[in-house]
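Next, two complexes with chain A in common: one pairs it with chain B, the other with chain C.
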Partner chain A sequence: MRSENELIELLNRDLNLLSVKKLRKQNISIRLENEELVSGLNYLKSHSYIHLATISCVDWIEDNQFELIYHLFSYEDKISLSVKTKINRQKSRFVTIKNLWGVAKYYERDIHDFFGIKFTGNDNMDELILENWNEIPPMRKDFKTRQYVDKKYDWRQYHGQE
Partner chain B sequence: MNNKYESNKWQEVINWVQKRSLFMLHYCTGCGAIELPPTMTSRYDMSRFGIGPAATPRQADILLITGYLSTKTLRRVIYTYEQMQDPKFVMGFGSCTINGGMYWDSYNTIKQLDKYIPVDLYIAGCMPRPEAILEGFLKLKEKIETGNADGYKKYNKEYETYKKNQEKVLGEVKRRQ
Partner chain C sequence: MGKSKRTEMFFGPNHPGVPGNYGINYFYEGDTVVSAEPNPGHLHRGFEKLMEEREWIKNTPLVCRICVMEPDINEMVYAMSFEAIGEIKIPKRAAYIRSIILELARIQAHIFSIGGNCGAIGLYTAMQWGVLTRDYILDIFEEITGGRVYHIYIRPGGVRHDIEDVTLQKILDLLNDLENNRMPEFQKLIFENPIAQKRWKNTAVLNQEDALSLGVTGPALRATGLEHDVRKLMPYAAYDQVDFKVPTGEDGDAWTRLKLKKDEIFQSIKIIRQLVNNIPAGPVSLNLGNALKYKIPAGEAYVKIESSRGEYGYYVVSDGGLKPYRVHVRGTSTPLGLYGVETLLPGCRIEDVPVWAHSLGICPPEFDR
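Take a look at the complex of A and B:
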C-alpha cells in the first residue's frame, strides 16, 4: 500500500507528467500528453489501478479544447486518481481505451452522445442515452439550451401572465 | 349528470362499480415513485379505498406518471398508455408534469404532459406527500362516479391532435396496436 506522496514519487519517476496535484487525502490528479495517455493508463492498470470508475469530459470553449478525465481507483492504495488530457475541440477525436477496460466503450458512447467526440477504434457510436438527436451535442457550451427549448416545447399559459 | 358525452342509467351503475375497484400502474420515472411505497403499504394503506397496484399495463386502470418525463421515456409512456384497456385514467404527479417544474428549461424533458396524453387529474407539489396522493385518488373516484374522468374518450376523439403533438417532440412514433 502506497501513500499519496509515494505514489506521486513513483509517477514522477516512470511517467512523463505535465502536472500533478494532490487535491485532498486519497485524491490525486495528473495530466498527461495525448500520445502518452494510453500507455500511461496501461502502466497504472498494471500498478493496481484496475478500477475505471468513469470517463468524464469538459468543454473549454475559450481554449478551443476538450478535456477528457479518466477516473481510476486502486483497491490496494485506496486512492482515487484522475488522469486528464486535453484534445483539440475542432478535431474532437481521440483513441479508444476499450482494449484496456471493456466498459470504456459505453463511457465513450456516452461522451459521443453529449459532446460529439469520436473515439478511433470504437466503431459502435450509436446513441446511448439520447434519442433521435440531430442538433449539436447538448453538453457543448455553444448549444443554446433556452433557444432549443423555446423552439421544441410549448410553455404553459397561465391566466394573467404577460 | 352534466357530461358532454352520452350517458345513461346503465353507465351510472358501471361507473359506480368502476370506482370501487381500481388498479394502478405506477410508471416510476421521477422522484414521485418514492412516495408510493408508503402510500401502498401499512402506513397509509391505499387498499382501504379499493385501490391496488397492478403488474402490467393491460391489467391496470390508472396510469401514474410520477414526475418528470424525458422525451425518451415519453415514447415508452405512450406505448404503455395505448396498451391499456378502456376505461383508463391518467394521473400526473408533481409540478414536473404540470409545467416542467425544476426541469423547466431542460432540453430533454417535456413541459406539459396533457399535450401528449390526456390527464384526468394533476396532483400539485414537489413532491406530493402520501396524504396528497390519497386525496387525489379520492378526487379521481369522485370524477369517475360523475362520469367526468373521460380522458380516454377524449384521446380517441382528438387522436390526431395528440398524435401531432407527440410527433413534434418525438419524431415518428411506432404504434404497436
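Take a look at the complex of A and C:
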C-alpha cells in the first residue's frame, strides 16, 4: 500500500507527467500528453489501478479543447486517480482504450453520442443513447437546449392565449 | 439433437422481466442466448445538460430523480462533490443524520430488490411483501422529509432540517420489527425455499476476474469473495464512527448476491442503532448564504459512495460560477447494463435473463441519465 506522496513520487519517476495535483485525501489527478495516455494507463493498470470507474468528458469551449478524464481506483492503495488529457476541439478524435478495459468501448460510445469525439480503433461508434440525431452533439457547450426546442417543436397553444 | 435455428428476440422495454425502460436485443438457439446487445435510450432525459443550466441548489431536487431506487444516494453524492470542491466541512450531527438516511435507503433498496428478484422467478408473494415492507420505511421517510420516494433532504452544507427524538425512536421500533418479525418471514419464504434456491444457485454467475475488469462493485463483486466497500475504502458521512462488517460470498451467483443483500440489511440495522444511540447534539446544516447565490471556487471532484448496488460516482467541475460547469454521473450498473450484456449474458438460458438483470441490479435510468 502506497500513500499519496509515495504514489506521486513513483509517478513522477516513471511517467512523463504534465502536472500532478493532490486534490484532497485519497484523491489525485494527473495530466498526460495525448500520445502517452494509453501507455500511461497501461502502466497504471499494471500497478494495481485496475478499476476503471468511468470516462468523463468536459467541453472547454473557450480554450477550444475537450478534456477526457479516466477515473481509476486502486483497491490496494485506496486512492482514486483521475488521469486527464486535452484534445483539440476541432479535430475531436482520440484513440480507444478498449484493449485495456473492454468496458471502455461503451463509455467511448457514450462520449461519441454526446460530444462527437471519434475514438480510433473502436469499431462500433453507432448511436447508443440518442437516435437519429443530426444536430451538433447535445452536451457540447454551443448546443443551446432552448434554441433547439424552439426550432424543432411548435409551442402548444392554450385557450385564451394570443 | 439437431441444429437449432437462430432467432432474434427483443427483450423489453415492454416486458415484465425487464428492470425499467430498457431493452436487450438477443439471439438465441434452442433456449440459450448466443449473443446479446443492450438497447438503452428509451428514457433519456438529459439530466447532465439540465444541471449545467441550473444554480447549485436547484439541482438537489433534480438529482434524486436519476434513479428511483437510490434517491438519497444521488443527493448525497451531489452534496458531497459540492462540499469537496468548496472544502466545506459539515457539522457532526448532519453527518450522523446523513448516514442514518443512507442506511435506511439501503435497507429499502435491498428489500425492494429482493422482492424484485422473487418477481423474476415467479415468487409473487415475496414481491408483494417486499413492496409492503419497503412502505414502512417510506413512512419514516415521509415523517422526516415530507416525501415518500424523493426526499430532497440531503443538501449542500448538511441536511434540510433536524430529526426529532420521537422519530429516532420510531426508527428503532421499525428496525426491531424488521429484525424480529419481517426478516424471519422473508427467511422462511425466500431463503429456505428449495424452489427458489434451485432457481438461483449457479444462475447468472459472475466470476471475480470479469467483475474486476468490468469495474463491477457492490454485492455483485463481494459475492465473488472480495471485501470491497466504499464505506470502508473511503469513509464518508459518519461511517468511520461505526463498527460493521462487510459480508462476502464465494460463488458469485444470483443466490449468493441475494444472501449478501439479506446480510447487509442486518449490518445496516446494526449501523443505524449505533448512530441513533450516539448521535451528537448541534446544528444540522451550515449557513452558506443566499441559496440561489451559492458559489464555490473553480475546481473538480470525482466523489463516490456505496449505493445498495455498488459505487455511485459523480464527476463535478466548477468554474467558480453560480452553476456547475459539468456534472457526469457514473451509475452503479453502467458497466453491467451495457458491456456486461454483451459479454456475460451469452450462455444464459432465456428464462434466466430476468434473473440475470435483476440480481445484478441493472437500473437503466443510471446510464440513460
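Assume the second predicted complex is superposed on the first by the 152 of 162 C-alpha atoms of A that agree within 3 Å, B and C clash if a C-alpha of one lies under 4 Å from a C-alpha of the other, contacts with A are read in each partner's own complex, and residues count from 1 in each chain.
Just so it is clear, a contact is a pair of C-beta atoms (placed from the backbone, for glycine too) under 8 Å apart; a residue touches a chain by one contact, two chains touch by 3 or more.
It should be emphasised that the depicted structure is a prediction, and the values quoted were computed from it without experimental measurement.
Judged by the touch definition given at the top, the superposed model places A:23 against chain C, while chain B stays out of reach. Once the two complexes are overlaid on the shared chain, A:132 sits against chain B while remaining clear of chain C.
After overlaying the two complexes on the shared chain, residue contacts for A:65 are found with neither chain B nor chain C.
Among chain B and chain C, the chain that touches a larger number of residues in chain A is C.
Look at A:48: by the touch rule set out above, it reaches neither chain B nor chain C.
Using the contact criterion defined above for the overlaid structures, shared-chain residue A:102 touches chain C, although it does not reach chain B. Looking at the shared chain after the overlay, A:156 reaches chain B, while chain C stays out of its contact range. Contact with both chain B and chain C is seen for A:145 once the two complexes are overlaid on the shared chain.
In the superposition on chain A, A:92 makes contact with neither chain B nor chain C.
In the superposition on the C-alpha atoms of chain A, the part of chain A touched by chain B in one complex and by chain C in the other spans residues 129-131, 138, 143, 145. Only residues 129-132, 138, 143, 145-146, 148-149, 152-156 of chain A touch chain B when the two sit together in their complex.
Taken in their complex, chain B has these residues touching chain A: 71-72, 75, 98-100, 105-108, 110-112, 115, 168-171. Across the complex, chain A meets chain C through its residues 23-24, 26-27, 29, 50-54, 56-59, 69, 71, 75, 78, 80, 82, 101-103, 105-107, 110, 114, 127-131, 138-139, 143, 145. Of all residues in chain C, those touching chain A in their complex are 40-41, 44, 46, 48-50, 53, 84, 87, 212-215, 217, 226, 228, 233-234, 299-302, 304, 311, 313, 315, 317, 325-326, 328, 330, 334-335, 338-339, 343, 367-368.
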